[in-house]
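Each structure below appears as structure tokens.
In what comes next, subunit A is part of two complexes: it sits with subunit B in the first one and with subunit C in the second one.
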Partner chain A sequence: MKRLCLLAAAATLFAAPAFAEDTITVGFTDSQTGPLNVDSLGQQRGYEFWRDEVNAAGGIKVGDKKYTVKFVSYDDQSVGGRVQQLYTRLINEDHAQFLFSPYSSGLTAPAAVISEQYGKIMIDSGGAEEKPFELGNKYLFMVITSASHYLSGAVEALKAKDPHAKIAMVYSDDPFSKAVLTAAKQQALAAGLQVVMDESYSPSTTDFGPIVNKIISSNADAFMGGGHYSDGATLARQMHDQKAGMKWISILVAPADDKFGELGPAALGVTVPSQWELQVNYKPQFGPTTAEFAKAFQDKFHAKADYHAASGYTSGVVLQHAIEQAGSIDPEKVAAALNATDITTFFGHVKFMTDPGHHGLQEAHKMVLAQWQNTDGKLGRQVVWPLEAKSADLIYPISASQ
Partner chain B sequence: MLRRPFFWIIALVIAAFAVLPSIGNNVELRESLVLAAVYITLASNLNIMLGYTGYINFGSIVFFGLGGYICIWLVYAHSWPLAASLLAAGVGVSFLALIFGLGILRLRGAFFALSTIGIVEGVQAFAENFTPWGGSSGIYISPQVFQPLGGSAQALWVIYFLLIAVMGASLYLSYAIKTSKFGLGLLAIGQNEDAAAILGVPTPRYKALAYSASAFLPAIAGGLYFFKGAFIQPSDAFDLTLSTEAIVICMLGGQGTVAGVALGAYLYEELRGYLLTSSTFANFQLTIAGVLLLLIVLFFPSGLMGFLYSRFPRLKRVLE
Partner chain C sequence: MLGILASIIDGVLVGLVYGLAAMGLTLIWGVMDVINLTHGAMIVAGMMALYLLANALGISPYLTLPPVLIGGFFVGVALYWIAIHRMVGRPPLMSLLSTFSVNLILIGVGTAVWGTALFNVEVSLPGITVGRYTFPGAHILAAVLAAVIAALLYVFLHYTRTGKAMRAVANNREAAELVGIPTTRVLAISVGVGVALAGVSGMLIGTLFPFTILSGDGYQLKGFIVTVLGGFGNPVGALLGGVALGLLEGMVTPFVPVSWTLVIEFALFVLVLIAFPGGIFASRRGAL
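Our next item is the complex of A and B:
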């Protein structure tokens, strides 16, 4: 065995130099410091995991050659001005041929000013807002579902269960949550549902007692809202403690975290829109399956993969697919290949809009809706919507799960 | 003023900022100098309140953010040309500062400092709820707005030169105020406000004018900065961190001095930029920055300029 290892080591030593000069450099910034540092980590891990996997498999195939992937990345301090400085550096000094986006829409927009100017392709997996894609950018591509479709599945599923449901919408006063709930309200009204309460709260709110009382007195059947982890979890707990008696609860972000299970009975029945879940079982045409991805990720990071990691990884997979399809690393050819991309990966279906008013926006990927359920006495998330991706039946009303 | 060497030193610095990145189209140097110029502008203008008048303004960032908002909004929603939008931002914010200033400058010490934070919070809450400004998701502008400036590549150069002009104007403004009768009045207020009032310095008016004057150029710089990023949102525009950094820079460089504050801002930004991108230090850049700041505060309490003055007393005549 030892000898075998030595042989393998020697082989890689000899094999490596043959590819050493053929590298593709991908540049990006992540927010290691500043307000986005926690949220940015999953995406960064996804990027790095993809690089390691693709290099372990020999690299990206371009024509007859194989290119290994090299990363250059910096800490952008979650500051837009710094992002522009660093992307300029990535392109000019580090000669990055392709770019990944920073985390969040607010940092992606300034980065796009630089990437577009140099005609560099940038794959976005961390900013869900649509506005940067309505400005006529040519080289910016989003692999995730945009903010206005976050709750579309929840609205559809609720309508299927109760076509006359009354919804209370209460959400954090931040750009993302506001964009999601504004779109959800329109979709709910169009679907014939009623919105009986529409209110935002400051992101630093810690006591939702008065808000929950208001929800109760609005006679709503369903709740949709939340924002980040702490406020979303507190809302769920207080609605349970104050016996709000909601038949349906959809909360953004918080229930997608495994920690949410610590709420116990308050978590039961809560649904969360998610870009991706471990139970999602798409048949990939390219790249690993969900099971392969999840296992390898768990082995490497000793943590369960979340959707930020999955979408970060998908940025790499989609870029790799486009480069291999184009048979070239010329940005124009790869951009054309991205425009023509129409594939299913473990993350779901990926296809970009190509009309100038929405260029690069994701149009095929669908959010799933996960619900906290008791399965064999264990509390966990199950995919309940869309029906073709479900791992368990949707429980409605929530009281039926107790 | 023209006879003093310091006037020409400022001119030399501005020329260096303008010329150095232009040699060989060095965009990377330009990008690192952009942030340095922003810091120099913010710190120099803060110095008028902090260094001369002795009033700690924690909320100087509100001028920058509000200027950014007014400029971006005029460009985006009303298709104003950049120059007019910038000017409107500067004049508008200065005017608002004058009105605010007449109110809050009746307060002193900690009460004044607190009220400046209150203003930032208030203005941020306004921006978050003001629909024409995009509420909390802010305003994204299309790269098309760079077309009148010759496309985005050239536009970034134009914005840079404008920013250098604003930086230069900030340095001259600081210097001009310091050497004027108005400046002497401010310094007197900084020493002992009651005594200054008894000696005939119109303190309320002087303070409000200083507050308003220190708002004009940061507002224009904010307009340029956010125009360059093609995006503005409340949490970026009114980020108190930048305010605090400006205060730290004034302390480091030597408050009340024009050269010290500018040098402090430049060194501060270049140090941060270097640590962030250095392959050796990138992973613990915050630790190093923190330790350095601590050492400077411990060993050079009167700032960089204070240290230089004590070593080379003649320098006082050259670098003011």
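Our next item is the complex of A and C:
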């Protein structure tokens, strides 16, 4: 028996290196705890769903070999200070060959410092802020539309409905929200719209009552702003409770989650810029179709896929495509393949900028604008902009939907 | 002008609820010199109880007040025996650490069960509209209920045997023991009442705003500011402190960028600490 055990141990020792060679390790942190938990969970599910699907299909094809995907991940607790320590650990101790981003711009920027230092490719589906891409990074690639284009569709749609709209911009004092609204303000002014209020609030704000009164006093008839989760929902609820009378409301992030529907009448008419919705229907050159992805996701998690899940999954699809195109897992060759990437997935068109001043920024993917509407007595999001992608007509003013 | 007035009134309405939330914190401090860092978690527990009871039983959100009050009391008594009893009379850091640990456990368990998803309780009460400004009915009713509960607490502390015993223990624990007051039981009841107040204020806040399992931190922070404004260990002062804070938020917001509101609040916090180390409405120590 003892001899048998020794033989088994020896066989395991010899077998282990062969197994390790055929595995690609991808590392990332997610926010299992802390305020970013909800959005991060969607992204994490997207990552894991991609891994399971790839492994079920035999792995990533590199030349004649197939590599299965292994994940190493840690809880960053939604705290930026933990991210650098954890990504260093992922690279040095866990030997991650490729990296996915954490969720949010605030966490992705510090993580990117580490991935660049070690020359590791990081696919970013959680941070939309442009700044890290203006620093000459070579291994950072963003699959989502960047912050400065988040509200472009909202500005275009509002202008189409009311060329003289007066907008109040009130947003969370964090890098992502500031980047989005700074760009939106320029776009609104260029479109001839008026911005009558432009203020940021502390992310810890609990009562927006005085702020809503200030919005009313500004004579605005349109609102754009918010930030992440609870603040965006609270703003929507208080604007409704205080009868702010906005004809248009665009709020970042929070309305993209199905739980936003809990606000009931306060959710009606609210628009949200979205990286992806179930209604979009791109013809993919690589990976599943929207219908295939949505159904398989629903079957696995018993929940509807949101854009965080879709963008997380797309990170994997894009990495897989680049590795297969490169025919290698060498970071330089995969980075070159990513630079040359120009494909359409179920998430949309993906192409990265390659000039040193914006390297890795997404230039092809387009966002949609979704609006909470009552359809057959059921509250849900409908794509309303751009017109060629719409699943329902845009309701303007909001009072027309109530 | 009407906008400024509306902000001030709105600030006072919400301030009354802040005050109620801080009363629980300051009551426990007043009786046993313990800063209860589970306060934020208990506020969230009140919010979650509101959400679960109102949704599961399909009852009016306001009918959840009695079960939250009673449940909060028993949770508070349990908290006393688990995290506070052995820390009473020891250096303040000990009770800070023990209540902070319980807070981390509660928030951790809550996050594991519910995540940090959003919860909202719909309240449809008619509000009062003046010009373009509306005071939501839920805000008015929450403020009225907060004021009534504060008044009942005052009556309890000053006109009931248990309330008088709590004030006696706050004043001088050894002397209270000498005259036969069961001080340990009184301390447990004090924590029970303090936590019940936190739970009820959480329940009322839950009728005003959407919340997540992590919402308690913000209200706990406000609770500290209110406690300092109102005077340490002075529940009635806490209510006035809450109104003062709400008033300040309402008055400041129309005139300065809203990102400055928090800076101004904390500047005031420091100024009050310097000028009135015991709080603006502080009465003599242990008076409750």
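Convention: the second predicted complex is superposed on the first by the 358 of 402 C-alpha atoms of A that agree within 3 Å, B and C clash if a C-alpha of one lies under 4 Å from a C-alpha of the other, contacts with A are read in each partner's own complex, and residues count from 1 in each chain.
Just so it is clear, a residue touches a chain if its C-beta (ideal position, glycine included) is under 8 Å from a C-beta of that chain, and two chains touch if they have at least 3 such contacts.
Everything numeric here is computed off the predicted structure, so don't read it as measured data.
Undergrad: Going by the contact rule set out at the top, does A:Gly209 touch subunit B (first), subunit C (second), both, or neither?
TA: Once the two structures are laid over each other on A, A:Gly209 reaches subunit C alone.
Undergrad: With both complexes superposed on chain A, which partner does A:Gly264 reach: first (subunit B), second (subunit C), both or neither?
TA: Only subunit C is touched by A:Gly264; subunit B is not.
Undergrad: After superposition on the shared chain, which partner residues are touched by A:Glu116: those of subunit B (first), subunit C (second), both, or neither?
TA: first
Undergrad: According to the stated criteria, A:Asp241 is in contact with first (subunit B), second (subunit C), both, or neither; which is it?
TA: Touch status of A:Asp241: second partner only.
Undergrad: Once the shared chain is lined up, is A:Gly81 touching subunit B (first), subunit C (second), both, or neither of them?
TA: In the superposed model, A:Gly81 contacts subunit B only, not subunit C.
Undergrad: Check whether A:Ala233 is in contact with subunit B, with subunit C, with both or with neither, and answer first, second, both or neither.
TA: second
Undergrad: Considering only the touch criterion stated at the top, classify A:Phe352 as touching first (subunit B), second (subunit C), both, or neither.
TA: In the superposition, A:Phe352 contacts neither subunit B nor subunit C.
Undergrad: Can A:Ala254 be said to touch subunit B (first), subunit C (second), both, or neither?
TA: The second partner, subunit C, only.
Undergrad: Is A:Thr33 touching anything from subunit B or subunit C once the two structures are fitted on A? First, second, both or neither.
TA: both
Undergrad: Let me check the overlay on chain A: which residues of subunit A are in contact with subunit B and also with subunit C?
TA: 33, 35, 173
Undergrad: Looking at the complex, which residues from subunit B come into contact with subunit A?
TA: Going through subunit B, the ones touching subunit A are 27-28, 31-32, 34-35, 38, 128, 135-138, 140-144, 152-153, 156, 225, 228-231, 233, 235-236, 239, 273, 276-277, 282, 285-286.
Undergrad: For a test of understanding, state which residues of subunit C touch subunit A in their complex under the given definition.
TA: Subunit C residues touching subunit A: 3, 6-7, 10-11, 14, 108, 111, 115-120, 122, 127, 129, 132-136, 138-139, 208-212, 214-215, 217-219, 221-222, 249-250, 253-254, 257-259, 261-262.
Undergrad: Of all residues in subunit A, which touch subunit C in the complex?
TA: 33-38, 41, 170, 173, 199-202, 204-207, 209-211, 213-214, 216-217, 229-230, 233-234, 237-238, 241-243, 245, 254, 257, 259-260, 262-264
Undergrad: Which residues of subunit A touch subunit B in the complex?
TA: So the residues of subunit A touching subunit B come out as 33, 35, 74-75, 77, 79-82, 84-86, 88-89, 92-93, 106, 109-110, 112-113, 116-117, 129, 131-132, 134-137, 173-176, 178-179.
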